[in-house]
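Questions regarding the structure given below will be posed in turn.
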Amino acid sequence: MNQMVSMIPITAVALPFLIGIAIFFTGKNKKLMGFLSSIAALLSLALVSALYSMLVRGNMDVCCPICFGAGFTFCFRVDWLGLFFAGITSLLWVASIPYSIKYMEMKFPDSRARFFGFFTLSAATAIGVTMAGNMLTLFALYELLTIFTYPLVVHAETPAALKAGKKYLVYLLIGEMFLLFAVLSTPEFAGPRAFAKIGLISSEIGSKMLLVLFCSYIVGFGIKAAIFPFSNWLPTVSIAPTPVTGLLHAVAVVNVGVYGIMRVILNVFGIELVRSMGVGVLLVFISGATIIYGSLMALRQDDLKRRLAFSTVDYISYPILGLALLSPTALVGGLLLLVTHAFLKLSLFFCAGAIDIQTGKTKVSELSGIGRRLPFVSTCFAIGSLGLIGMPLTLGFVGKWYLWQGPMETGQPSAMGVLIAGAILCAFYLLYVVYVLFFKQSNVDFVCDLQLNWTMLFPIGAGVLMGLVFGIFPKGLLLLVNNVTMCYFGG
Amino acid sequence: MFFQFVLLATIILLPLFGAGLVYWVSSKSAMLRNYLAASLTIVTLILTSILYCFSKGEAIVVGYPFLSFAEIRFSINPMSALLAFLTAFIWTAATLYSFTYLKSSSNQGRFYAFLLLAFSANLGVFLAGNFLTLFIFFEILGISAYPLIVHNEDKKAFKAGAKYLVMVFLGDIALLMGILLYCKVTGNIDFATGIKGTSEYIKFIIFALMGIGFGVKAGVIPFHIWLPDAHPVAPTPASALLSGVMIKVGVYGIIRSLFSIFGPEQSSIVVGSIVIWVGIITMLVAVFMALLQENAKKMLAYHSISQMGYIVLGVGCAAYLGVEGALALGGSMYHIVNHALFKSCLFLTVGAVYYRTGELNMYKLGGLVKKMPIVAFCTLVASLGISGVPLFNGYASKTLIHQALAHLGHGGWVGLVNVLFIVTCGGTIASFIKLFTLVFLGRAPKKYEKVKDASSSMLVGIMALAIMVFALGIFPGRFWTFFILPLLKHLGYTGTALSSIRTVNILTLHDIQSLVISLAVGIFIFTVGTRYGLFHLRFPRWFGVNYWFEQFALGVYFLLHEESHLIEMHTSRATREIKEMIAKKGRSTEALIEGESYVLRSLIFISKRHVKKIYLRVETYIVARANYIIKSLWSGFLAKTYRSLSASETKKEFNLYIEDLNFSIFLILFLLVLCFVSIKLIG
Amino acid sequence: MLKASFSNLIYVVSMILFLIGFYAVAMRPSLIKKIIGINIMETAIFLFLIGIGNKKGGASPLVVEGIEKYVNPFPQAMVLMALVVGVGTTALALILAVRLFECENGEKR
Amino acid sequence: MKKFIVIVLLVLVGLFLLLAVSKMPIMGDPDSPTNAIATSRYIAKGPQETGCNNLVSAIILNYRVYDTFGEITVIFVTLTAALAILGREKAGEGVSPLKVSPSPLVSTIMIIYIPFFIVFAFYVAIHGFNSIGGGFQGGVILASVLVIYALVFGYDEAVRKFPPKRRILFEGLAPLCFVVVGFMSILAGTNFLNLNFSSVSHFRNFLTLILEISLGLTSGVAIASLFYILKKVERE
Amino acid sequence: MSFVLHLPVLMVAVPIAVAVLISVLLTFKRNIAFVLSVLTMIFCLISSLFLMVKVITEGSFVYYVSDWPPPWGIEIFIDRLSVYMLLLIAIVGLISIIYSELYIKKVLDHQKIPFYYMLVLFLIGSIVGFVISGDIFNMFIFFEILSLSSYSLVAISGDREALRAGFRYLVMGIVSSLFILLGLGFIYSVTGTLNFTQIALRVKELSDLTVIQTGALLLIVAFIIEAAIFPLHVWLPKAHGKAPAPVSALLSGLVIGIGVFGMIKVVYYILPGVYPVSFVVFFRGLISVGIILGAIFALFENDLKILLAQSSISQIGFAAIGVFFFSYSGLMGSMLQLLNHAFAKSALFLGAGAVIYKTGFRNLDEMKGIGKRMPITMGFFAIGLASIASIPMTCGFVSKYYLCLAAIKQGLWGSVGAILLGGFLSLLYCLRIISCIFFEKPDSKVEVKEAPLKMLLPLGVLAFLTIFFGVFPRAAFVLIEPGVKEILGFLR
């Protein structure tokens, strides 16, 4: 594991960060603002791919420690797991920029500089979290992410938005409280080598303390990954503008939560310790409960975005379930499902946004007959939901194929049951929307102009296309995911 | 090898991309769309026939490594080539037929697009080389059939479509579980010839899971519910394909899984007998349900379920007999081909009748022989085919399966199986006599005087199928040696087993004897039925599996959906109706049965409502409690107590300010005491 | 405890005086009485400080030939300065009291 | 009820204080720590080092002159606070005539005695060296003289006699003197406010005298002007 | 280099001298006060920088005022921590004086302005005197000047609430100074000297600790009142809330910090290791309750400045609890918290002052959506809030990090919970303010312009400092780390 010291990780985080701050001051001309935010996105994508090429060339991690003082070190380090998440976030950030520019132009024209500033900042921090070198940097950026996403949630400045923002804050800040406690009580968290060593926590701490530590870590990260008891904030936050719910709350923020849990289990505790502590079963139970809860609630929601938000709650627990089964194939399946969810859920949210803009309809029951009005958006929605359900020829199927092998290997029938129930319920609540879109007769014949220019349609199409393309040709993605798992299971 | 590679790719991809093309073209012009669809199907038919000649020798496996993660692999072997050719043939017939049939209906573009998509999926399943490819195309077929069923977009269509989708989806999940278990046990996902080394129990579980998955599509008894609902609702070409070809996919899957799990050598008595009994029950129940129907399409749907019973019976015998089961399997494969032909022909004819008269209820039709002679003649040929009359293709495959039954040995239940077999043959004969006499013979009601015969393009499809039915009936031996034998060799039967059945003689004394008996039984059932009106007997609703499935689905629907008013409406209506029933005491026992079923249903709903109420109450309690705490922390009651504490400004009384001042001095004193105590006493 | 405290009678008296002053500050409603209470506490502390510096039979710290034992001059200097501090604080307290009185009775400045 | 609680708490605090007091070294015994250490230097070498026999003023004006500097700033701060909050009193003319004219007896006695009081005040201030007295004591007497004058002859009469403008100079005198002396000692190389920095023999005594007088003047005038400000009259 | 030795005393003498000079020159020139005070503050800043250089290179040193050695004369003890405090005082003092030029012209009437500057100079001079003095009585006297000038500064605006708050602050202050005197008496009676290092030596030989404990306890209670720690914090909200903005900035930033610094001196310098464990546990419990309650009260307050004052109570609780961990990172945390609180809280008060200066709004619900119309001030205000809420990248985060670390290392779960909950609640009320200022639509249609540059500059400098020490805390560690090691050396 030779270590190459380079400044790319820190620039990958710092540059978009600075651009984000710069955007605040481009109040007046809209073009510059759009230009800057797209520059930030493209830049981060370029830097992440540069990191990929460095990692591929053999050296396992790229570290650039910035030590600030005695015991208080911020350091950035990229390894396969971090790169995987950073890749997803930056890729989708680029895809979502054109959409958000057009969407904000139509829906929330005032104080856009503030919106795009915080949008870029939170995306940059989300990428930064995945590049954190030790648990302290991770926590710092983790908390910054919450703070930067708050203004986006309350962007509409309506009382409802403020209430939602308040609830969002209370949930996440309580999480961070637990997390700070956990981060500070893990003995060796500081130092640039923190994550490099696997199984950071030597077992000389008493088993009771280990359990407390593990639980507070899981609660800390779980709140952002919207696991069962704390998932209430995600649906209430779905009233935020669509790019926010799309990119941040469906992709960036929840991925950070999942990333955190993975770091905890794979790096901080190490797989053998987790297995010996027998905590895997607990995590399986929690993620199973989230899947069932999320999908049951999604079935009952009439508002489209709330339904998609609940489906995020449900779908984000698959990678956690995959992780909890502590088997390589399950982890591969989990990561693949994470990618599926990122791509397809983003396009689903953008479809919902496009429908909202074109026809002003947000309720599922009102959507009947939109299939004919907006053919491209509805077909993308249909293909996206099929992908999420796990139809063959889509990435969802590939992920499902591997994840379902997990419980078989480790022999946990309960996990298998959860997976089946999850698949069925997911099919129900997504296909119902497709059914309403296409087949239900629309009694009222409303006229709506069909001019959705390409900037809105491109991200939707791109997300769905990626879901299909990776579904048919998943070899490249599988290579990347295997690299990630090999670090922890193979070695 | 490269030629096969390209050929297979075109066969699968042509209809796939064609579907998109058709959908796009349909918005432009209808005529262009029809020609495009027809040409695509015909080209694929030609390609499959070319493919067939490659399938003579050893099975050629064509892999597409760059595609999916595991390996998309197709195999050209006699069995898959035969079925692919059969699918292509029937698909062309149905497409030609549907041009005129659907001339007037709306959004045809979508219909033809999904028709082609289902076509490519069907071919993909038959030509699949390993379980993964099979599963991929199996699931695409399931999903793409849904738009065909709900083409008419009325309420009943959506109900049937929803049920179909749910059943198929559950089946797919079970199938995926089975495949994953198979993959775990054998390490790879190819069609092997029998798994070695694992315990009998695990093999049974894998077969059970796969059996459920394929059974749903094949319409085996416990999972047949969607078939009788889907067919009357779907447009005729769709239902023809549905029962003609798509059901075969299920049975093909069962055969494939059976032979890759158990293989010809290891005959497992237990699994064989189970499959036999499933076949028998399916045959029996489906026939009697068919007899009770007055809707022609529903009757034909039940018949296709019973014919599936025959095939499953044949497969069961093959599994039971193990090595000597070649004859039984050959018979069932033969029957698959026959059933595809005469069943799609029957559906097309009934469709033609419906196209002309707009009426599906057999009792309201009659005397159409004079008006639609060709259609009547073809229906006659197909009915004879299905009834198993010699010189028609049904007879050959039924007798083969019957002879296989004889090989089963002399257990007690084998005799019972024979009797039931003959009774079902009789039932089939009776129902088709009923169909023909009611629809074509007898006086024609006055509304249908001016009915003309079906249009030419419809007749082309029907005539082609009728000719094939007749042809296979005349030369069964040639078909057997040319198609079935290489197929059996492919499935793994060794030379010795095949030599014994090289030439098959289906006109033995025993066969003739059983044919005569079944004819007699058939005529007897027909006469008694019409005489005493037995065909109008209606079982109470809760008798069939269908009823329980609907209750469960409705309960889940109410549990999860917001419209709680639906529940009140339903239960109150149930109680109201019970009162009416009791008020009209004059009705027969049936009223009581009806009333009592409503009570049962309302009980179920009430229980559901309570479950829902408890669920709601628990959930609201937690959420309300959390909100209260957060609200009080944020805006609420602590503020009031604090404000009263430092109220000096608001109250403007100076002495209150002094009181406040004294209180702060008092606090100093209090702290001093506490500190001293903590140092002196405890220290 | 008792014997020792008898000899340190001065300290005991000052402590009691201090507490009386404290009572006045803590309990009396009128501002002026509080300021008087503060003064009582100050005097109690000065008494205590002077008591500390006292030496039996020592003369006052004015150096005159013929006398060797003098009282410790340091506490007295400390008291002198603390006195001036006391003056300062009381003056400020009075200023504020006067200003408050004017405001309370509505006399606009 | 509140009264009862306060009394109980006071008793408790008293108990603890008395416990502490009982543990203190017995008052007056010569070998107690306070007497042993510090006094040895003050008493033994005090007069020689500081030149004043009165040890208290020796400590105030020489050993711990920094504290006295702090002292006088306290008074000055109080004065500025009074000016900030209450504002300067109006200049004399008929501001608030005395309601009752001074009885002849009191006024004549005062006319005779006031100069003597002032002389006495200065005497006390100056003789802080070897007699009981000192800057502060003299200043206070001076202040009392000014106050008596105001009481006897009416407040506006007194203010006219000694208008605020003139008082400012006196008020600012002492802190400035201390700072100037301090700077002089720094310039001479020794530490801040080290009086015997120069080689000239009795210069130190001269400096202490100056400090003594400035202390007296400032404290006296400051306290008097505090009185004038506090007296209830129109203010600017 | 010898002149640098005199600088600490000069930092005390010069402000006082200039103040007196202002009063004397008052008759001729009216507006000389502001210029003179700015000059003195610049002098203080430069001298504190010089001192910092000297202390870093050669370590702490001792300076005998008027050349008399300790038991007899007064000794000034300059070590790294006091230099660190001097730096803080100089910076905050300079900034608030520059800020107050415009503000005071608007708030106070004309005659009072020079007196305001005189009082501020006295305040700063006495704080410096308090920090550097090595003698308890000298500390008492400067403490006296300090509190006198802060009472009068609170009450200077002359309206009814300010006077009441000033009077309540005065009474509490006087009681605390009397406690110091009493405590001083006890300590002197037993040890015989008033010099810190001498006392520390003599305490070791003492057999019976009760007297010294009571003395030290009285001192600590006095500093509790001064630092407004939990039970005795009642006077602070009104005092800082009603005082003019620059004054409350000075008070919140420095005077409370002085209380904690005094506590550190008493606990670590004079009487290390004199306390029984039960007292320390009791005291830590008291402070943690204070942290939480302060934050909760801040959560419900409507008037912005009173809300900020409430938050000072809980923030100072953080600094105080660090003192009583008696561990390396505990002290580091409390020192950093002092820095954070000085900069961030003064930035907040100056920001609030700017809002009051421009719009006259005092209540939060009047200030809805002001962020859009005064973006720059509110931007700096938000940075200050972020630092109070200890968001990463601000120095609040660094201090809370060290405090939490210390508590966890010693396994004090009670105080860990308090610190975390306090942090959480402070985050809540900070973000409540931000949401009210930035994200709510203003109901009153009053037209508001941006604050003048003279006010923005100081605000900007403070905000920059919080960010600077947050992103590069090493700059602060250079001073704090050796200082903390020195203090802990005493403890052993």
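First chain written, first letter: the chains are A, B, C, D and E, and each begins at residue 1.
Criterion: a contact is a pair of C-beta atoms (placed from the backbone, for glycine too) under 8 Å apart; a residue touches a chain by one contact, two chains touch by 3 or more.
Only a predicted model underlies this, so the values are computations on that prediction, with no experimental measurement involved.
Could you work out how many touching-chain steps separate chain A from chain D at minimum?
Steps on the shortest route: 2.
Hey, what chains does chain D share as contacts with chain E?
Intersection of chain D and chain E contact lists gives B, C.
If you tally contacting C-beta pairs, which comes out ahead, A-E or B-C? Let me know.
A-E
Using only Cα atoms to place each chain's centre, name the chain farthest from chain A.
Result for the farthest chain: D.
From the centre of chain E, which chain's CA centre is farthest?
Of all the other chains, the one whose centre lies farthest from chain E is B.
Central chain, going by Cα centroids?
The chain sitting closest to the overall C-alpha centre is A.
Where the CA atoms of chain B average out and where those of chain D average out, how many Å apart are those spots?
109
Go ahead and note the Å separation of the Cα centroids belonging to chain B and chain E.
Centre-to-centre distance between chain B and chain E: 79 Å.
Suppose each chain is reduced to the average of its Cα coordinates; what separation in Å results between chain A and chain B?
The computed centroid separation for chain A versus chain B comes out at 38 Å.
Rounded to a whole Å, what is the gap between the Cα centroids of chain C and chain E?
The answer is 29 Å.
Got the chain D residues that touch at least 2 other chains?
2, 6, 10, 13, 16-17, 19, 23-24, 34-35, 38, 42, 64, 67, 70-71, 74, 77-78, 81, 85, 87 - these are the residues of chain D that touch more than one other chain.
What are the residues of chain A that contact at least two other chains?
Chain A, residues with two or more chain partners: 166, 170.
Of all residues in chain C, which are in touch with two or more distinct other chains?
Residues 18, 22, 25-27, 31, 34, 52, 75, 81, 85, 88-89, 92, 96, 99, 104, 109 of chain C touch two or more partner chains.
With touch defined as at the top, which chains are paired up in contact here?
All touching pairs, sorted by chain label, are A-B, A-E, B-C, B-D, B-E, C-D, C-E, D-E.
Can you tell me which positions in chain E touch chain D when the two form their complex?
Touching chain D from chain E are residues 6, 9-10, 13, 16-17, 19-21, 23-24, 26-27, 63-68, 71-74, 111-112, 115-116, 118-119, 122, 125-126, 129, 137-138, 141-142, 144-145, 148-149, 151-152, 155-156, 158, 186, 188-193, 202, 208, 210-211, 213-215.
What residues of chain E sit close enough to touch chain B in their complex?
161, 164, 167-168, 171-172, 175, 210, 213-214, 217, 220-221, 224-225, 231-232, 234-235, 237-238, 275-279, 281-283, 286, 296-297, 299-300, 428, 432
Which residues of chain B touch chain D once you look at their complex with the stated criterion?
Residues 666, 669-670, 672-673, 676-677, 680.
Show me the residue ranges of chain E that touch chain C in the complex, using the header's touch definition.
Contacts found on chain E: 137, 140-141, 144, 148, 151-152, 155, 158-160, 163-164, 166-167, 170-171, 174-175, 177-178, 181-182, 185, 188-189.
Along chain C, where are the residues that touch chain B in the complex?
It is residues 22, 25-27, 29-31, 34, 104 of chain C that touch chain B.
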